[in-house]
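Same chain, two partners: subunit A is paired with subunit B first, then with subunit C.
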Partner chain A sequence: MANVIRRQTPAARLGRGLLYGVLILAALFYILPLVVMLMTSVKPLSEISAGTLLSLPQNPTLEPWAKAWGEACTGMRCDGIGGYFWNSFAIVIPAVLISTTIGALNGYALTKWRFKGSELVFALMLFGCFIPFQVVLLPMAQTLGWLGISSSRAGLILVHVVFGIAFTTLFFRNFYVGIPNELVSAAKLDGAGFFRIFWRILLPVSAPIIVVSVIWQFTQIWNDFLFGVAFSAHNTQPVTVALNNLVNTSTGVREYNVDMAAAMIAALPTLVVYVLAGKYFVRGLTAGSVKG
Partner chain B sequence: MAALEIHNVRKEFGSEQVLKNVSISIDSGEFLILVGPSGCGKSTLMNAIAGLEPVTSGNIYIDGEDVTWRTPADRDIAMVFQSYALYPSMTVRQNISFGLEMRKVPKAEREQAVERVADLLQITHLLERKPAQLSGGQRQRVAMGRALAREPKVYLFDEPLSNLDAKLRVDMRTEIKKLHQRLGTTIVYVTHDQVEAMTLADCIAVMRDGNILQLGTPDEVYNNPVDMFVAGFMGSPSMNFIRATLEAAGDGYVLRIATPGEDDVLLPWPSERNVAGLVEQLDKPIILGLRPEHFSEEDVRLSEQAEGTLMEAKVSVVEPTGADILLRLPLGEQEITARVGPKCAIAPGERLSLRVDMARAVLFDAETEQRLA
Partner chain C sequence: MRDTLPMKNTSATPLGLGAKRVPSGSLQAWLPRLVLAPSVAISLFFVYGFMLWTFVLSLTSSRMLPSYDFVGFGQYARLMANERWWVASTNLMIFGVLFVLICLVIGAFLAILLDQKIRQEGALRTIYLYPMALSFIVTGVVWKWLLNPQLGIQAMVQSWGFESFRFDWIVDPDMAIYTLVIAAVWQASGFVMALFLAGLRGIDDSIVKAAQLDGASLPRIYWRVVMPCLRPVVFSAVMILAHIAIKSFDLVVALTGGGPGYATDLPATFMYAHAFTRAQIGLGSASAMLMLGGVLAILIPYLYSELRSRKHG
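Now for the complex of A and B:
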């Protein structure tokens, strides 16, 4: 917006100043919980009970972080949430990759290789985006039982993939609709087949929507609690479930600093993903099409 | 043997008939141009030839082989799309060689082909660029290059020049003509441009509503149209259609053009162009078709022995185009366009005597719009 022409009258400047003031206030208000969490997580317990929420830490310490990571009790076991943190990765990474890949192929097939009923398939997929998680808990548990993968990582990955495909398909379908069909026609005439066209023509221009899909799926699956608590055993729990257990396990004094540190640890990957790729996320969501 | 034969092809999208029984046959090395108003099914026909859309019924033969149900890749066809459809993530070089790569041509040969085509189209300096870094004309050339890198049995060009500016278009038109003369490959080409159609084609197919109305040489289609649609569609400015009545005069005919408030204009029909069917049209309304260039100034002698017929009218609009002057003038109930030489000194409102070349006039049935003579 640097090239908006506007005369700088005093009134205009005042208006600007007010606008920025309001925006900054809103931003501060928004970031406050995070700041409080961060501050609390580096305070010793004594300071927490003595001071207020907003008082700055006097003797910052990483003790609570270490404890949350390696020693805090989550239910019966007391080995922190570190292990569950890696559990989450072991679930999220394959689930994101698989659901994004399938979503991309679906979107490609639904737009560039239309078949009888492809619109219906897409409508049903879209419907899948609106199914509440709770509805499928029981049937899903039964299915996982039949498949012999209940309470396993594979089971959780499958659940997340199945649920994620509706969204990833939607993303890729809407993106590929904007890519001219002639590109595919030209490649067909050039002698390329279904996968070759996808790999050589479509995929190289799909970066924006891949970023969208990956971020979306990553945060959805990482932050999932319901499936995690329903379909995991104690050794396959994701970090969200472990965090909940940690906070709910009472051993005398409530260690707010450890709780906060654990919460920060659990939220960190999604934060990092947003900071690193958020720019592309917005860009990808708004990118209508790639002009041939 | 026909290089490309389209036999009774129909294409329906749902209940809509987009191609209704299209049959075309062209010989090897011929340049076929498809023209017709927007939405008449030209692109659909191209896609059917290329195998990108299955036909509902009918057959397509290339070099005598029935390819109706073959995949696009197996038909040995190269196509230039209206939108160019260059692969955005590939360089120009990769774009051109992709088709060869897919056909497992060895790398050295691919390189050779790229060089040859780049040389031909003068895009050698662009080979390492991406399509987004090219101008419209350059993209057009790359699109052409991608088709030319292979040596298919048939080239399909769907309005390849429509996105270019007027000057570039003329240049490219000449280049395409030269290319065709050099390569001698069969080409099917869609255009909306009259001049392109007339200058490039060995054969023009005029389409309307999924039908081929006329298939013939540019000369036939222009001078010998089968009906009013073809006559009006080809040529710019288009043919004048003048309401008239056919009357007997001696042993021949004369066309009476009723003019409100003035004497009727009488144009004798050349006796050498009498055809049997005309008798039935006597004293009935009829449509006389005259192209703007069938008029000329009185002092311009028509070629050969033809004298032409003189008529007089008041000029209402004068439009100099540079090369010649277009005059608008009333004739009967309608206003017509006449094309005269650039030297003609006439102002709007003046009366002018024009020579009409009735030997090239055409007659249509006023109801069916079919050609009578």
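Now for the complex of A and C:
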């Protein structure tokens, strides 16, 4: 509908200029915090107190990054957020793989092997997408204790899988609904079984939705703070919890450059995913939160 | 059984699925249900069971540890009499309404502007949307730095010569709640833009062309013709944003820590503080149940209208 406004009168040209002006201003609003964060993270402390947010680093240094990674204090300990960064990966990778696999099989069973009550099953599971997690925190803490995995990575993986499958099932279910049933019916007539049909017919065309699901789960779990802070101990904390501890640890001089470097480190994995696969990220956001 | 088909077709099935015929009826018929069973069990236990469990806890006098000494709705009564809870609820109203409205306005505005055959549209979109990929903790840390009165935006503008410039909301109990709005809008408005843009791209050009032939001006076309078509988008966006607002926890923790004092407490931080650090499990559970009530109050009308519109085609 944009070809509508292609008129080359001076007024129209002024309008175009104004349009670009507003769009660029908006872009500055979104991008500047990231720029400031990056610049602050490579300034020595003296430059921070002498200059302003937007003054360019005179003597850029990676020291704050090294400190944030390996030495900064997060609460009691002072060994940086590097270990917690790997903790996050150790939690995120299994949780994403397991929840995506379960979601794919659920979506497949719900669409290609409908049975009496399968819609009800879907509705039942879907509700898990909407609950505020505060309502499950206390029982979860006690259940993890009973299972003997409280404050462990295994416990956090379990929590993220349990509350992730509602979303992954939704993704795959909505995707598989759009795959024609003819092939599946033909294969069933030929006597192919449940898993064989999944493996040979559904899986080969599932690449896009697998990417959507993996990206969605990766960003959700990486960015999680609530479960991380409620169900982890010192050595099993995810990076978001460590970052918050680092920023709020009040010993000695506030090192803003180290804070910003730590924030960059915690943000990088999801930013990289976003830059590499933004299209799928957006698709997950809209599909994950809109369609029912 | 369906053994009426010839038995010799096994090697040459069209998809190369080949191989054995599976005895139907028995295991195969139950496999889909077996595959779904663990998820259903998980959902029944971890979602519905836990909701019920929290509700039960909210009826007890539990403090440091869960106890099952029932006090009826006493905890809810305590909650209603708790000044901090009212601050948290009022904050959620202020934060929620402003956050949703501003995100909608900015999102719709940017989407309409971006829809005018813009060069570099992809790059701009990427920039508008990237904050959504960040953790709210990161957002909170960054904005805490930007809003720092001594070293942040206030200091910068003052150094440009505007000595009297004040922007110290983050340390002002009356204004701190608005810093949450700023940071949350920064994070989520690009996402609303993406929703609206997708909606705009889905609108049939001919409607707009027809309106143009009638001599309607562009703003008028958008307001009278295009926006009404986007009602479902507005609806979903409100739904998602309200949901984010009610669940907001990390942003508060990272940006203001609920302070100054408890001026920026939200129900989510109230619940966490009481259940996990202040040894008030009963009270914390009651507040969690009220949060659930809030989500349902938004969700049920939404689902209702969704189902209705589907039935009516």
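Brief remarks follow.
The criterion applied here is as follows: the second predicted complex is superposed on the first by the 261 of 292 C-alpha atoms of A that agree within 3 Å, B and C clash if a C-alpha of one lies under 4 Å from a C-alpha of the other, contacts with A are read in each partner's own complex, and residues count from 1 in each chain.
By definition in this document, a residue touches a chain if its C-beta (ideal position, glycine included) is under 8 Å from a C-beta of that chain, and two chains touch if they have at least 3 such contacts.
This is a predicted model, so every value here is computed, not measured.
In the superposition on chain A, A:201 makes contact with both subunit B and subunit C.
Of the two partner chains placed by superposition, only subunit C is touched by A:219; subunit B is not.
In the superposition on chain A, contact is made by A:263 with subunit C only, not with subunit B. Shared-chain residue A:190: touches subunit B and subunit C both. By the touch criterion defined above, A:37 reaches subunit C but does not reach subunit B. Judged by the number of subunit A residues each one touches, C leads among subunit B and subunit C.
By the document's definition of touching, neither partner reaches A:74: not subunit B, not subunit C.
Touch criterion met: A:182 reaches subunit B, while subunit C stays clear of it. In the superposition on chain A, the residues of subunit A touched by subunit B in one structure and by subunit C in the other are 183, 186-187, 189-193, 196, 200-201, 290, 292.
Those residues of subunit C that touch subunit A in the complex are listed here as 5, 9-10, 13-17, 19-22, 24, 28, 31-33, 35-36, 38-40, 42-44, 46-47, 49-51, 53-54, 57, 66, 106, 110, 113-118, 124, 126-138, 141-146, 151-153, 155-156, 159, 186, 190-191, 194-195, 198, 200, 203, 205, 208-209, 212, 218, 226, 236, 239-240, 243, 246-247, 249-250, 253-254, 257, 267-268, 271-272, 275-276, 281, 284-285, 287-289, 291-292, 294-295, 299, 303, 306.
Residue ranges on subunit A touching subunit C, taken from their complex, read 1-6, 19-20, 22-23, 26-27, 29-31, 33-34, 36-37, 40, 48-49, 52-54, 102, 105-106, 109-110, 113, 115, 118, 121, 124-125, 127-128, 130-140, 142-143, 162-163, 165-166, 169, 183, 186-187, 189-197, 200-201, 219, 222-226, 229-230, 240, 243-244, 247-248, 256, 259-260, 262-263, 266-267, 270-271, 273-275, 278, 281-282, 285-286, 289-290, 292. On the subunit A side of its complex with subunit B, the touching residues are 180, 182-183, 185-193, 196, 200-201, 204-205, 290-292.
For subunit B in complex with subunit A, the residues that touch the partner chain are 47, 50, 52, 71-73, 77-79, 81-90, 98-99, 102-103, 131-132, 146.
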